[in-house]
Structures are given as structure tokens and as C-alpha cells.
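Per-chain residue numbering starts at 1, and chain names A, B, C and D are given in the order in which the chains are listed.
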Amino acid sequence: MKKIIIGVMGPGEKATAVDLKNAYELGKLIAQSGWVLLTGGRNVGVMNAASQGAKSVNGLTVGILPDANQQAISEAVDIAIFTDMGNARNNINVLSSDVVIACGLGAGTVSEVALALKGKKQVILLSDDEQSKVFFKNLSPENIYVVESAKEAIATAQAILNTNLGDC
Amino acid sequence: MKKIIIGVMGPGEKATAVDLKNAYELGKLIAQSGWVLLTGGRNVGVMNAASQGAKSVNGLTVGILPDANQQAISEAVDIAIFTDMGNARNNINVLSSDVVIACGLGAGTVSEVALALKGKKQVILLSDDEQSKVFFKNLSPENIYVVESAKEAIATAQAILNTNLGDC
Amino acid sequence: MKKIIIGVMGPGEKATAVDLKNAYELGKLIAQSGWVLLTGGRNVGVMNAASQGAKSVNGLTVGILPDANQQAISEAVDIAIFTDMGNARNNINVLSSDVVIACGLGAGTVSEVALALKGKKQVILLSDDEQSKVFFKNLSPENIYVVESAKEAIATAQAILNTNLGDC
Amino acid sequence: MKKIIIGVMGPGEKATAVDLKNAYELGKLIAQSGWVLLTGGRNVGVMNAASQGAKSVNGLTVGILPDANQQAISEAVDIAIFTDMGNARNNINVLSSDVVIACGLGAGTVSEVALALKGKKQVILLSDDEQSKVFFKNLSPENIYVVESAKEAIATAQAILNTNLGDC
């Protein structure tokens, strides 16, 4: 039966030290919750840090790669899905996640949050960029959750999953 | 030889009356400038209004559809491209446009602006949503152009095209 | 209103002299019939020859490119659609064509014929490879049309379009 | 580190009893070899049978779905990837597989074999359709392996993996 997948999205080359620390902790907590971690799969930034966090506690990690070659994968990805479709793969990232967590902010992350909202997904924002939180909260008041820490993100994800299960 | 394509992106069902008026004028001015108009191709909102504006002066219109069926196409689309890939087609919209104009704002439009920035495209924002202008201008100061009218959008597109040609 | 689009698919680098001659004539006849030509858009093989044939009589040509850069486009493509999704774009080629004509045969062409059948499209085969004709005719007896010349392909396309219009 | 993924492709609704038996055994043997099974993920045909075979011995199963909804997934899929891109997802199936095994034959399977060859993948054919074996063997003599049983397919996959590792 389908396992629960939590997607962690965030900047690659432009991730900040805080983003990386949060991403690592998110990955670790997701694995400890018994969930599968999904990221963009590359060996940089938030994708890489989250995957490493999950592997540090023997979690299962999925990476949805934008290209078709094996060179750019994070060492911490178990299941590598090669899309060869560039940033259009961002839509697959969010559709395949039961809950989407955005950790930090870049143009790619903004596209993923927006595609997630378009796909009726619930999105948790963990970022110190105050403006982006207000922007997205206005765009979709009922589907955006603003949190202040990785722990709070996980508690919020758990609450969303409980509610969605209740809907079934 | 490849014709110049200007993409107009904006809300479908949720477009405002102002968005629709701007979209129609954009389509008309794009056609009058001798450019091809590209939209998301559906028979609603900004896509439909821009295509109608272009056809009102015998322009050429391309629609990149999210689905595979012929029912939902704007009557004003000449060239219908069926992707059957949902919102992932938003990436094709922006990659195929020499300049992207966002007219109004919804989650889909936000994803297109973000994907355009990710793809190194220059993006013109025509919207009365002040917050989104500030948000995107901060995200990419050098590639976002904020304008107040359809006419100003077209003048800006022309200036961008002139600069890009100069680069070649 | 949506124009009629005829797709011509065939080998790129591996096209034979006969394939190229047929492709050029197909492009020319498609344009002379008042239809839009759609190809994979690259500046080699059947795609390029068909587009040149169409332009020789002032036809309109659409190219669905597998990548995101402007370097590899056929000079004879008017409307360039950049998918950046590699061979997955083959599905867009066939879904966007009212009738698909396969001219010659390579692995990419085989994928396009198969995706066209999967998408309930009618496919015309123009090839001197006898085995492939038998193979596809067996795979889908009612949707595969085997022809011996470009002229016969166009007559068959016209007959298919007439039937489909009659269905509406 | 990336796990080895073996893709099993084959008909959905049109799978024969022999296809289903072979698929189940393939899934079981893939899991027993310590590999991850990848399929198209739907709850019919070869996809479903292979996934059930893998789960019968506690294997790990990945399903790459053509749509975005949770209704049509095989119960035996652990990791569901929602692409919402119809048959274009066939390209992802083959690019993400270290070795592709085609079990039975339909239009979708033909597209996957062809896309795999286009993507330089090695493909094992397990089918009682003699004509298709000859067709594909001619199309790509060096990358097509024809086998007579699930066991032979697995031995061939192992040999291919050994050779590819030797190349690194």
C-alpha cells in the first residue's frame, strides 16, 4: 500500500546555512515519523541536506531529478527518478507529496509552492523571509501554513495527514 | 525562421474584469506589433481574452493546452498544442515565449512567473496587486519589469527584444 | 478557430535519402492543402526536410523541440515550441496532430507511432521497411494506413479528416 | 546511494494470462535479487501483477502513474509517483530503470521499448509474439535481448548490470 510521502522543496545552489540546517532536521524528523522523504534529488542545497538528514536515521529517500544522467544525484537518495524534463518536474514533486514543505525560498521553490496550491495540496512554509509568507498566505489562506521550526513543520504535517485521513 | 512569440499568462476562471480588459488589449497590441501570441489556450479568462484581442486584428495565436481534448480550447486559438501534462505545461509556455507578460495573478500565474525566472526569461508584470510586484521584484530585481498598462507592457517587451537581439 | 495540423515524424540523423525526399514532398503537399505542418523541429533529417518543403510554398510550420535552446532549430520552423523534456515531447507531437504521418523509421519514430496509437490517433506509414508495416498493421489494424508515396499519404490524410469531420 | 531499479513494462487491460504469470514471477525474482521494481503503477495488468509478485517476498515497489489521483494505484505499489502527464510518463519509466524488461506487448509497451532504445537503455523482451522480437532485434541488434522465461530475464538483467558496472 502506498506509503506516506512528505516533499521538502527548497533552493539548490542558493540555499542559506539556516535553510540547510532546517532541511537536515526536516529530513531526520520525516524519517523518524515513518514517512518517505521526496526531494528534487540533486546533490546540492536543501534537496541534499534533507536527504542526508533522512539517511542519518535510516529513512527512505526519493529524488525526482530534472535530467537523465546519474552524475548529479545526491549520495543520500535511494530511489532516483529521472524525468529529463527540467523544471517541469517540479509539478511531479508536488503531486507526489502528501504534504509539501518549502524550506527557504528561490524561484524554483516559488514555482513548487504555486504548483502545489494549483494542485490542491497543503503547503507548509519554513522560511525567514517574512514577505513570502505574507504573499503566499494571501494567495491561498486556507492551504498555506506558516511555521517557525522544523519541529513545528512536522507537527503541522501530522495534523494535515490526520485531517485528510479523516476525510476519506 | 522562428517568429517572435510573446506569452501572456494570467488567471483562468478567477480573472477580474480589469485582467480581461488588459489581456484583450495586450493580444491586440502583440498582433499589431507583428508578433505571435502564446497563451495557455483554454476558453476562459486571460488566455481567452488575449487570444480574442489578437484575432480582432488578424494576429496568429498559439495555445498550449494542459489536456488532450479539443473541447476546452479557446475559439480564438489558431495553433492548438495538446500536452496532456496538466500544469507541467506551464514550463513549456514560458520557455517558448521570447518575453513573458503576466496579466493578473493566480496560483498558476505565480508558477509561470517563477518558472520563467528559473528559465532566465524576462517577465513583465501587469497587475493591480501591489504586493506581488514587490515580491517578484525582490526575487529577481534584474528580470522583473513592473508596468501600469498594456501599452507600457508592449513598449517594455520591444525594449527587451531590442536588447536581446543586440546580444546576439 | 483551430487550424488542421498534420504531423510528420521520422528519423533525424539517420534519415535516408529516400526519407528526406519523401519528407520534403510531404511538407510541400501539406502546405498546399492548406494545413499546418508539425514536426519535432530540429535542423536535421525528416523534421528539417518536411519543414523546408512546406516553406517552399509558404506554408506554416510548427516545431516541438526536445530542448530549451534556440541553437538546434530548423531554419524552416516558424513557430518553435520549447519543451525541454527530451523524448517525452514525442507524446505532444502526436497529440497535437490531427493525422500523424511516419516517414521512414527509427527508434524515435517507432515511439511516436506507438504513442499515437495509444492516443487513438490514425497513423499513415510511408516507408520502404516492409517489416515495420506488417508489425504496426498487426498491432492496430484499424488505425494504421500503409502508403507507397507522399501523394498517397496526403490523399489518405484527406480521407481521414473527412471521416473525422463526419463524426462530429 | 541509488538502489538498482529494474523496470517491468507491459500491457494493462489487454495483458494475457501468460503475461500476468510472467509479470508476477519477474516481480518476485527482482525483489529476491535485492533490486527495486518500477512499473507504470496502475492496478491492472502487468504493472499490477509484477508489483504483487515483488510484494509477495517483501520487495520495494515504485509506480510511475500517468495521472494525479490516488484511485487507480495498484495496492502493491509502495512509492507512488504522480506525473499527471499521461503516456509521456513512459519516458520517465524507462529513464529511471537500470534495465528495462518488456513483458507482453501493446501499443504502450512498444512506445516504452522504443523510448528505452532512444535513451540508450538495454531492453529484455519476454513475449510469445515472435514478430515483435524480430522487429525490435532488427531495430537495435546490440541493445535488445530476447528471452524465453522470467528466470532467463533475471539472469540477463544481472549480466547487463555486471557489464555496466564494469564500464564505470
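Going forward, contacts are C-beta pairs under 8 Å (C-beta built on N, C-alpha and C of every residue); 3 or more make two chains touch, one makes a residue touch a chain.
Everything numeric here is computed off the predicted structure, so don't read it as measured data.
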| item | value |
| --- | --- |
| Contact-richer chain pair (by C-beta pairs counted) among B-C and B-D | B-C |
| Gap in Å, rounded to a whole number, between the CA centres of chain C and chain B | 28 |
| Intercentroid distance (Cα basis), chain D paired with chain B, Å | 40 |
| Chain B, residues touching no fewer than two other chains | 68, 83-88, 91-92, 119 |
| Arrangement of touching chains [line / ring / star / complete / other] | complete |
| Residues on chain A engaged by chain B in the complex (per definition of touch) | 85-92, 105, 107-108, 110-111, 113-115, 117-119, 131-132, 134-135, 138-140 |
| Chain A-touching residues of chain D, taken from the complex the two chains share | 1-3, 5, 36, 62, 64, 68, 70, 73, 75, 77-85, 91-92, 95-96, 119 |
| Residue numbers on chain A that touch chain C, as the complex places them | 68, 83-88 |
